[in-house]
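To keep things clear, I will list the structure first and then write my remarks on it.
Chain IDs A, B, C and D follow the sequence of writing; residue 1 opens each chain.
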Amino acid sequence: MAKSNFEYVRDFEHETRCLPNTWIVVRIDGKGFHRFADLHDFVKPNDTRGLTLMARAAADVMFEFTDVIISFGHSDEFSFVFRKNTAVFNRRAEKLSSLVTSLFSSSYVFHWNDHFPDTKLRYPPAFDSRIVLYPTDENMKDYLSWRQADVHVNNLYNLSFWSLVLKGGLKPCEAELKLRGTLASDKNELLFQEFGINYNQEPPMFRKGTTLLRKSVDFLGKGKRTIVMPYYCDIIKKDFWDTHPELLKQGKAGSVEFHEGMEFFEIKKCS
Amino acid sequence: MAKSNFEYVRDFEHETRCLPNTWIVVRIDGKGFHRFADLHDFVKPNDTRGLTLMARAAADVMFEFTDVIISFGHSDEFSFVFRKNTAVFNRRAEKLSSLVTSLFSSSYVFHWNDHFPDTKLRYPPAFDSRIVLYPTDENMKDYLSWRQADVHVNNLYNLSFWSLVLKGGLKPCEAELKLRGTLASDKNELLFQEFGINYNQEPPMFRKGTTLLRKSVDFLGKGKRTIVMPYYCDIIKKDFWDTHPELLKQGKAGSVEFHEGMEFFEIKKCS
Amino acid sequence: MAKSNFEYVRDFEHETRCLPNTWIVVRIDGKGFHRFADLHDFVKPNDTRGLTLMARAAADVMFEFTDVIISFGHSDEFSFVFRKNTAVFNRRAEKLSSLVTSLFSSSYVFHWNDHFPDTKLRYPPAFDSRIVLYPTDENMKDYLSWRQADVHVNNLYNLSFWSLVLKGGLKPCEAELKLRGTLASDKNELLFQEFGINYNQEPPMFRKGTTLLRKSVDFLGKGKRTIVMPYYCDIIKKDFWDTHPELLKQGKAGSVEFHEGMEFFEIKKCS
Amino acid sequence: MAKSNFEYVRDFEHETRCLPNTWIVVRIDGKGFHRFADLHDFVKPNDTRGLTLMARAAADVMFEFTDVIISFGHSDEFSFVFRKNTAVFNRRAEKLSSLVTSLFSSSYVFHWNDHFPDTKLRYPPAFDSRIVLYPTDENMKDYLSWRQADVHVNNLYNLSFWSLVLKGGLKPCEAELKLRGTLASDKNELLFQEFGINYNQEPPMFRKGTTLLRKSVDFLGKGKRTIVMPYYCDIIKKDFWDTHPELLKQGKAGSVEFHEGMEFFEIKKCS
């Protein structure tokens, strides 16, 4: 049982640290979620329960990793942005990437029943992840803009497709054919003319994805608490970054005022 | 919403493929499991429910990744060995590592109630992971031997420690002091003299960890099915590899005969 | 001779691209140059011939790699800074690093006789190299400042040491002992008191290292030519970067006016 | 001049160690050698002086790196194989790769006049390099076989091409057209029929490339010395590895007997 004879195998391990002074993004992405959504009767083309569950799991990641200053998700993917000077786990790429993915996955299952009280989870889902570095603020903002532009393109297509299938009675292949080569303006027109849908009045969560920010809030004089707040707004325009200046300054969580009906996530206390 | 202006950010992504013709090991490890075990009243020093839940989650990984030919775990860690010529996900390191970790984590939560029917899961646990390459069969076997030798060392210590604390009435710091500098033989003697424990008669699962192998079994003439079987045996000695020759030959799952009371895992069917 | 049977070995090759939008620095460093300097009778503590030969080789690198906007060297090391948006060789790290090192090395030998006309080169010298990324202008400038601060510290020590040995008649170990724990001010004082040396009047090349910049010059109306010019100035202070604004703007080579006795390097034409 | 303010930039450096227990191959490759060969009047299609100079530079690398057990080259490329358990420079990839390339390059220039006494070197040549890992003996041997198979294919083509151009009077584009799509047998036939060349009687150095091995030789009783010997033989067949068993055993240099006219390289002594 000579332990020392085997310990040499540790030398085969390899550690990569993220370049200092760069933004670290971890993006997770559902594996086989078409099938998963079908099997669990997700509403097409957007299931609010599913999207809120994703946000719930993402919020858990933000409570665990306080250096994640913003996260953004839609459909079955979510991106987590660590501030560029984070020193958590010495910026070890594998540590950051695996822990984010693991926590997100276990949290997704953990909160399933709260979001799908009438649907039994059939099997444990899985998410892959990748880690990407962005050297400048501009690059990092463009990354998030890229993801939000993607939401728009996908959502407009999916809404048109499922309207044609579910309301228009087309077969999937027919709907696909009809949409091929159409521009955004064509799809807007089709939605309005054929289905009376004004795309711009669709729920912002569907059109803009979910942006999560860490905020400090005073609950009616009971003291400050840190929460994670969802926003369903444009994050491409400069306005967003001006409204939340703590993000680029890598400062403390911004303050928000409490109001009735406010939507937010808090960490589950375990004591 | 000019998507193309942002797509350049994809160029910042980076992909690493595992060196061909080498064994790929993914090892996951629980984060903060001391606290997790305390909070969920895990039996000290070994909790059969917790260990079996780990094995259950590991079996799910083996059902998803059929190129994992052997996995080995103990305590809050588990190692998965992909056969050296696997081509799954083009051997992309991030894909393999993140999906194994994610599936393991969500499976752990998914199966929690089956293993801890009387204990509510208080929060979603997380596991980190690392990926390591081993060029030769010898190196890969030495890796597994290293992990099993570790089980022995840790388990003998923990059993001694908790016997002193729970049965001997020592405070943790006293127990620690008493064990400092003792040899394996000292601890064996202490267990036997003071607590009447014959270490070699402790459950093999505690002393040897859990080894999972993919096997083919004929269920009483109802046809062959692929199962994942747990073994609690020595995997350091040559004998183990002789008994399961398919492992190093990277061949098909070996056959086992069905018998009453046989312990095994099967995948949950989702149809 | 079936070629195709062997071509699979190409899959073992691995390519790393430098993160986009980051400064790329390649630093080369002489291997065993203490012995090399001794064997070729380099003047202590600074040999102008050796330093100029280093600069000559570095200039060749700058003529080959027009995306190197600044290089800085002293003693047996030289650093080359590629502009942050360079696309040369698709930013492949191995290509950039190896070609810079190789060209520098062969150029050093190629020009040896011009700089050491009376000293036969006894064996081919070697330089190692490393590649480092810096995400911001500030980081890149701090890198160069680090190297220049190093020149100062080393040169003051070396001048003191060799003065004590060559002029003061101390043995090397005595000189070392005498300098142990001294501050910069102590060494300045010692040089002045014992050897009449005013450190600040030492040649700038020795005190500040050699900075090479690409410049455009009009040779007395015979048309613009691109040259590489050596500077022996402070590159730590803001002033340097203000004087050469093209560096951070990643713009075209700045212009300089020709004057008699001007020191510069031009590429050897091969036609 | 506060040095410590800048030293943080060292954290941006990154070090990769080669996986243990794997063969390490460094392959260098001339940059722009078509032009270099033209400008220095290399004989077409093979210039013995150029090939021998390459071997001379490669031998210098083998004298410096005693863990390189075999090297193989042809045309303007050379591969160096470090034994799989080498610990030189802690297996740091950048160190190994850069020093091999640098030494090769400076040695090439250093020995130029010995091999091209009548041709002045016009400019310093450059070589790029890459580092590749091979986990098994089989993979490493296949790597070398791949390179030697390449020599055959290229040499047969080049000999045919230059025979057509230099002896047959064809223009380069005509020769290219004539050879397009031809098999090896076609080219053999063409060489024999049109130019009376029996390909198999061409010099082995041209057909098989140059293999360098480290050997121990007793110079007529004057004591053992370590030399580097060139071989121009088939290294694809098993026979080669049987004849030089020290290679795969990673043992000491094999012994050879001295004989008159024996071709070999010795290191230049510098004392």
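In this section, contacts are C-beta pairs under 8 Å (C-beta built on N, C-alpha and C of every residue); 3 or more make two chains touch, one makes a residue touch a chain.
These numbers come from a predicted model, not from an experiment.
Across the assembly, the mean Cα position most removed from that of subunit C is the one of B.
Mean C-alpha position of subunit B lies 47 Å from that of subunit D. One inter-chain figure worth recording: subunit A and subunit D are separated by 53 Å, centre to centre, where each centre is the mean of the chain's CA atoms. Each chain gets one centre point, the mean of its Cα atoms, and the points for subunit A and subunit B are 30 Å apart.
Among the residues of subunit B, those in touch with two or more other chains are 8, 12, 14, 19-21, 133, 139.
A complete topology is adopted by the chain contact network, contact being made between every pair of chains. Interface residues of subunit A, counted against subunit C in their complex, comprise 19-22, 133, 135-136, 139. If you check the complex, the residues on subunit A that touch subunit B are 1-3, 5-10, 12-14, 28, 31, 39, 60, 64, 94-95, 97-99, 101-111, 121-134, 139, 142-143, 145-146, 149-150, 152-153, 184, 236, 268, 270. Of all residues in subunit B, only 8, 11-12, 14, 16-17, 19-21 touch subunit C in the complex they form.
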